[in-house]
Amino acid sequence: MTTPFGRRVSAVLSRRLVGRYVVLGIGEEAAVAEPGQFYMLAAVAGWGGGVDERPYLPRAVSVLYARDGEVGFLLEDVGPGTHRLCGLGVGEDVYLVGPLGQGFTPPPPGIEAILVGGGVGIPPLAMFQDRCGGQALLGFRTSEHAEAASLFAAPELATDDGSAGHQGHVTDLLDDLLETRQDIVVFACGPPAMLQAVQSRVARHQVPAQLALEAPMACGYGACFGCVVDTVAGYKRVCVDGPVFDAAVLV
Amino acid sequence: MTTPFGRRVSAVLSRRLVGRYVVLGIGEEAAVAEPGQFYMLAAVAGWGGGVDERPYLPRAVSVLYARDGEVGFLLEDVGPGTHRLCGLGVGEDVYLVGPLGQGFTPPPPGIEAILVGGGVGIPPLAMFQDRCGGQALLGFRTSEHAEAASLFAAPELATDDGSAGHQGHVTDLLDDLLETRQDIVVFACGPPAMLQAVQSRVARHQVPAQLALEAPMACGYGACFGCVVDTVAGYKRVCVDGPVFDAAVLV
Amino acid sequence: MIEFCGIELEHQVINASGCFDVLAARQVFGEALVERFPFAAYVSKTVTLAARAGNPPPRLWESAGGMINSIGLPNPGVEVYLAHHVGEYARLGVPLITNVMGSSAGEFAELVERVAEREEVAAIELNVSCPNVATGLDIGADPRGLRDLLAVVRPLTRKPLIVKLTPNTADVAACAAAAEAGGADAVSLINTLRAMSLAPGGHGRPWLGGRTGGLSGPAIRAIALAQVASVAARVAVPVVGMGGVSSGADAAELLEVGARLVAVGSESFRDPAAGSRVAAELAAHFAENAA
Amino acid sequence: MIEFCGIELEHQVINASGCFDVLAARQVFGEALVERFPFAAYVSKTVTLAARAGNPPPRLWESAGGMINSIGLPNPGVEVYLAHHVGEYARLGVPLITNVMGSSAGEFAELVERVAEREEVAAIELNVSCPNVATGLDIGADPRGLRDLLAVVRPLTRKPLIVKLTPNTADVAACAAAAEAGGADAVSLINTLRAMSLAPGGHGRPWLGGRTGGLSGPAIRAIALAQVASVAARVAVPVVGMGGVSSGADAAELLEVGARLVAVGSESFRDPAAGSRVAAELAAHFAENAA
């Protein structure tokens, strides 16, 4: 995979809200990312000086879409880095490196993709569905959080408080499916607890799954060895060996 | 002198440009400062993350005016702190502590105030003239820099390049005055070299002078002992013993 | 109420030595400062035997997330301190901790004897960051030097002795253990880290009048946390943790790793009321975690 | 052209060990990385005798103006390094400096002997920041330990030996002098400063898998400048300065206080092309100052 070496500065082209989330579109001539890939992003101005004098490092953000000279991201304001990125105005500059990492591998013909996502971990799935189809099962805390489901075609929903869709976990929806179907591959991203729940379920039902992981990252391109996850083959870097891993290799 | 203990957060009320300078007006109920006093200012958001991950400390800024619940400042963008303050938008919040320090002492009746200023070191003089009158002699690099002279009534100008007023130093104008007049007190602020030139001239002519100094500051209220200047009585803190000093005590 | 070396304190936040001149602050902020004094105890700026003018200016430089100072311990000397300052500080209504520094064990002994005579002084903090003439290191940088120092000064007073350790050392826990073995009632850390800045212009000329200075502020907080944790794990005496604290959350972390008290230094420059703010945030933090 | 220990370099900016895995970067950025390699020499990540997995995650924490890592020196061991990595690194077209660490003088000796056999290796950097089992300190934290180490390894090779000093010491210049006396051809500094961060939640539990980690980035630059200045003033051998460099201006300051080369570490994480950018800014800076 070849990508531009080093940082580039581009203007923000668009910014819109989906419920409590922000969609950020950035001009990027060769917008060629695969679902599951990510960029490292930092604002050019005002990066730093937030809570505890952060952010210092760029932030890993999954690609939501990549087309027509624009790459898009879905952000939730959870800390100093996402706060700054969510507040970017149209015309402001960002540093970006990417696309980075190994994305999802589409299923062979005849096998349906089941997309299991939660919270802000849905952009890779939305992009995947857009390109390869598949049934989305999405979990959120409340209906307010669930507004990001609008990025999907015909998703099934679960919310913790039952304010939208099934009351309970998204893995309940997956359980129902796994009881009846074997001709599927599961694609999942979301919080660690959700991914673990998916991993143990697919293992029990011997269904293949690809999990998109997150880890604290400094560089995003394999330079620092900071983002490792334990696998059957030892520690692997999430940024270059992932973020998508076969569920079977994760320990 | 009593001032509010601790920081307060207020909205920026007004912001306008005088040539390359920015005038910043901030809501401050008890706007009671004296000419020569200053505030410590910091933006609430985006303070930090600039050049070399600065600013960290608040910045000392002289009062330009204080009236009708508003205190005003004149800023020139010379580094990360003034850059951020110059970029403040109306409605953004700032931390401020002040008014701080010892201002100018007005001359006794019958004695004329001669105000000698250069560059961004003119706010205390503008405020002084507004309250107590006096003849302003102002020096700037070019006519573009000289636009801040519009803050004064009937100033005499000098510019390095002669593009406005006398070509040369503002101290040339002072020299002419000192040749003929003894019934004056000089009030000066500006770059160190200018202040030194003023100091040696008034000493030679035995005319009293009050100089407003600058020094790197951390706190502005006497806490750190970082801002000292050498005087006949030893090191004195510019923030609490000054910023205005009698020219005769400075060594 | 918090107990520290037998002293009762209103809360767990005190000032770091040299970061809050209460006499100047009272002049600026008026009696409100005394009425709403931000700290649970007042730690004096370092006092030496003879008066010191301090280092030539410039004394300050701003760096990434922090600052460097080369103030150089200006103070009027112990006699003036005792005659004029102790009484003023006692008016604050919080316990007074007097910070002293000598350049030899003998100087420290003289300082401790003089200061200990005063009833208003609740405890004495020994600033051992002065360069040792013999070794070139800070007196506090090696455990043996600390033990020798305490052997001399410990017998001179029953007031609590707090040893303010230097962070410019390979093994701060060993230094803390030596202080404890020598009879210190508490240790405090971290002091500033040796740092440098250059004058703009490109000739390698130091900016600071003292050539090098000490780094403080958020930039050093993670170093402080590591040093405080290693010291608290090693000694039984109470630890005063400091270094880069700017919020209740920062203070809570120092307490979590074993500090008994937290001191606020540079943050007071940004916010004169930082002491009360940090104490209030800390109280809210614990109330939340208890709920 | 810059001369460093008899090696010719295109410019004065190299990478800091462990901050630029060139094999991964080539996979990501393609051959452009080799064609426009950002550094004047390539310093390998630390190599040890046996393979090391490194510390358990999490390994990173962001702090004020910097970061803390507890990577824990993962590497495939010296045999795999020699068999597979040296050849790849040689392809970069810049001199290769191999960084090694042993936990005893004997381990260092074995590493130096094995690595020195290889023609592709231009110089060997000794990372002496490993905790000494006997003293609990870093091997490099006391001058005597360094002298003993060099007495063992210096006779084993004529290749330049660079000693990478630890900053967690009371007197880094004394350590540098000991390295020089022992026959080191150069010294490099600073390595990361011991630091800590806590897991969110309030139980004092360390966040990092390695419990403590090392602080790097702009937060430590002023400390690096002080240490590099004190070392350069003390030794005659060339000094590689590093710590928080993110611009040509930062690099220039290290050169001004006496460094021969500058290494860029954490800044490469923020900007993969930081090496070339800093070198270009440095060249512009000197052109300006000459004018």
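Which chain is which? They are A, B, C and D, in the order written, and residues in each are numbered from 1.
In the analysis below, a residue touches a chain if its C-beta (ideal position, glycine included) is under 8 Å from a C-beta of that chain, and two chains touch if they have at least 3 such contacts.
Being a predicted model, the structure only gives us computed values, none of them experimental.
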item: Chain of greatest Cα-centre distance to chain A; value: B
item: Between B-C and A-C, the pair joined by more C-beta contacts; value: B-C
item: Whole-Å gap between the CA centroids of chain B and chain D; value: 47
item: Chain centre separation in whole Å, for chain C relative to chain B (CA means); value: 34
item: Cα-centroid distance, chain C relative to chain D, in whole angstrom; value: 34
item: Contacts with 2+ other chains: residues of chain D; value: 61, 63-66, 217-219, 221
item: Residues within chain A bordering two or more other chains; value: 48, 52-53, 55-56
item: Touch-based graph of the chains, sorted into line, ring, star, complete or other; value: complete
item: Of all residues in chain C, those that touch chain A in their complex; value: 65, 218-219, 221, 246-247, 250
item: Of chain B, residues touching chain C in the complex; value: 1-7, 42, 48, 52-58, 95, 97, 100, 215-219, 221-230, 234-235, 237, 240
item: Complex contact set, residues of chain D against chain C; value: 61, 63-66, 68, 136-138, 141-142, 168-171, 193-198, 202-204, 212, 215, 217-223, 225-227, 229, 244, 252-253, 256-258, 285, 289
item: Touching residues (chain side chain C, partner chain B) in the complex; value: 18-21, 23-25, 27-30, 32-33, 36, 45, 53-54, 56-67, 69, 71, 74, 217-218, 266, 268-273, 276-277
item: Touch list for chain B against partner chain A, complex; value: 45-50, 53, 55-56
